[in-house]
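See the structures that follow.
Two complexes are shown next, each including chain A; its partner changes from chain B in the first to chain C in the second.
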Partner chain A sequence: MKLAQRKVGSNIVLEVLEARLGADKVEAFKDAVARHLAAGPVSIVLDLSKVEFIDSSGLGAILSILKRMPKGCELVLCATTDPVASMFKLTRLDRVFTMKKTVDEAVSALSL
Partner chain B sequence: MKAMILAAGKGTRVRPITHVLPKPMIPLVRKPVMEFLVEHLKAHGINKIMVNTSHLAPVIEEYFRDGDRFGVQMAYSFEGDLIGGQIEGKAIGSAGGMKKIQDFSGFFDETFVVLCGDALVDVDFAEVLRFHRERKSIATLVLRDVPPDDVSKYGVVQTDASGRIVRFQEKPARDQAVSSTINTGIYVFEPEIFQYIPSGVEFDIGGQLLPELVRNGQSIYGVTLPFAWLDIGSVPDYWEATSLLLRGKVAGFTMPGNEVRPGVHCGINVQIAWDRTHIEGPVYIGSSTSVGDGATIIGPTVIGSGCVIQPGAELRECILADYTRISSVAALEQKLIFGSKCIDPSGRYLDIEESQIRWLMDDARNKENLSESELLLFEEVKNLAVS
Partner chain C sequence: MTGGPTPWKRLAFEIESRLEAVPLLGQVACLLCTAVGFTTVEGSEVEVCVVEAVNNSIQHAYQGDPGRWVELEVTLLPGQILFDVWDSGTPADAARMNADHRGALEVRSDCVKDISESGRGLAIIQEVMDSFEYTPGTERNRFRMTKRHAKDCKVRKED
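The block that comes next holds the complex of A and B.
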């Protein structure tokens, strides 16, 4: 599971470097994000610009991260490709997550 | 009078719909596009219709059979082989398809009409035939002016003042096009054209036969006249055509079923509580479909027969094939559900199995259990996202 991370202020931006976020990747994905959260409360911007395919288990994994977010911390999704955005809309999860077009917009949404 | 409907195309640009249905059988609201053509030909006294078939031939042949049900005589010229019990199409081009029939029986022994099976047209054939005969033409094309941006999708023609065609271009770039007048694929021919079509080889009308006629000094003509032309050559075209029909923009088209609410047409045996659903037309709801309480349906939308729209489901501008189940947590906007694919108007699609979203949409007859993780996600989404 490839994730690129960078710190922006007190928050982190995690870029998923996989084209497919499916059943074979979700455990590693959840573990990787959990490691970042274990270091202390932090808000996360999840950059999905490289992900071209997501299935139900991928959605479930992102949902489980949302539920694990520490109090006062946020999870913002951004830069979804059309097929991924479509999955969020179909499932109404676009109404559950904060979703932004770009990483910059997502970062500013956090600092507001 | 005789006609030929070209129905042997593979429908590459309408995939994934054409994995299951050949293009002429794609329904516009409820009726296959080719059925509109057969009815239209009949209305003009054209009642002997040959159809060349190839890709998914049995779907066409078993629907129209000998044409009796439609008040015409129909027969088929199959292009392909049966290999290991499977039909394998081997189309030989539009002109090649005509030639095969002519070599078989000499069927085309008088002026005849040719049209593509993948566009709904209501062209006035009496007018086209009058034009054709007046000019003693061997081949007359029905033309149409399109916006300059669209020329690259079609065969472009240039005519002189008498309607004689002086130049052809196949799918030119916009800035190279000599006109924005295009060939609609509707033709009137004299049997003399067969001299210019070789036997047993792939041969195309637009790309080969017409230029060959011109090279041999034959005068061919084009007539431009107003008529409805709904091309379903690609997924976006299909989307547009369905939307125009539902919005009442196509003269002569009547919605099937009964109008039970303004703009809402229904088949029979529909299960729905009108006061507990939110429906905005134009909407067609097929027979034996159930719509659960709290569902939202916004038109233009077509719901097929035997569908199950579960309570609370949201549908905006959708086309659902027969036997589609939409779950209570799904929110579909501009989706075409067909052959286990969830298709965007652009033609891009999600495979329902591959994306594991049977908990959102499925074949209503599929009783296979959902996996534990799918059920879990369904419950979570229901709690989180459905108010």
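The block that comes next holds the complex of A and C.
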């Protein structure tokens, strides 16, 4: 699972460098994000701009990360492509996550 | 002469029961949808449905065992496309499979810890497709999904 990390202040932006987030990738994805959380409490912006496909397993994995965020830390999603945004809307999970159009907007949302 | 409309074109694709092979079937479904006039978003939604159905076959009917086969049969009919996912694994409970799954999409954002991380696959299929039906068999199980063409498509109920 390829993730690109960028530190912004005390938070991190994780860019998912995979085009597909499906059942065959979710365990590696969760492990990769968990490694970033293991170093200590940190809020995360998850940049999904390169993800063109997500299924229920992928949605469940992102939900799993949200549920495991340390107290006081946030998870903000951003830059979803049309097919991915469609799945969040269809499953009503767009009501659960904070979702922003751009990385900058997501970072700003964290610092509020 | 059997009942029902005459198939216009029928295509079949087979993969080994490995999750990493599933995207191929999904992409085929998406490609066929856009080729017959669905939008790219509709094609992507159908792709998710096919992936969900094939994942079910691999993870439940075959319990994750590789070396088995899952077939996707696509039938193009006037006004609609049928997607049949076939496996020869352990049959699922047909009543449970064919039940109404839309409740799995109900979420309350104020209690995130209570939101299930799984169990949305059939609900997604029910939401995207015009109909679906699981038919267990003695030799093979079939999961059929039907999607009508653009002008005949159901209008998704807005929240």
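Here is the rule we go by: the second predicted complex is superposed on the first by the 112 of 112 C-alpha atoms of A that agree within 3 Å, B and C clash if a C-alpha of one lies under 4 Å from a C-alpha of the other, contacts with A are read in each partner's own complex, and residues count from 1 in each chain.
To be clear about the criterion, a residue touches a chain if its C-beta (ideal position, glycine included) is under 8 Å from a C-beta of that chain, and two chains touch if they have at least 3 such contacts.
Treat the numbers as computed from the prediction; the structure is a model and nothing was measured.
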Clash or fit (per the criteria above) of chain B with chain C on chain A: clash
First (chain B), second (chain C), both or neither touched by A:K50: neither
Which of chain B and chain C A:H36 touches, first, second, both or neither: neither
Touching partner for A:D24 - first (chain B), second (chain C), both, neither: second
Partner chain in contact with A:T91 - chain B first, chain C second, else both or neither: both
Residues of chain A touched, compared between chain B and chain C (which is higher): C
Touching both chain B and chain C, residues of chain A: 23, 53-57, 59-60, 63, 82-83, 86-87, 90-93, 95-96
Residue ranges of chain A in contact with chain B within the complex: 23, 53-57, 59-60, 63, 82-83, 86-87, 89-93, 95-96
Chain C-facing residues of chain A, complex: 20, 22-24, 52-57, 59-61, 63-64, 66-67, 82-83, 86-87, 90-93, 95-96
Complex contact set, residues of chain C against chain A: 18-20, 22-23, 26, 40-41, 44-45, 47-48, 51-52, 55, 59, 105-107, 109, 112-113, 115-121, 123-124, 127-128, 159
Contacting residues of chain B [partner chain A, same complex]: 314, 329-333, 335, 342, 344, 348, 350, 354-357, 359-361, 373-374, 376-377, 380-381, 384-386
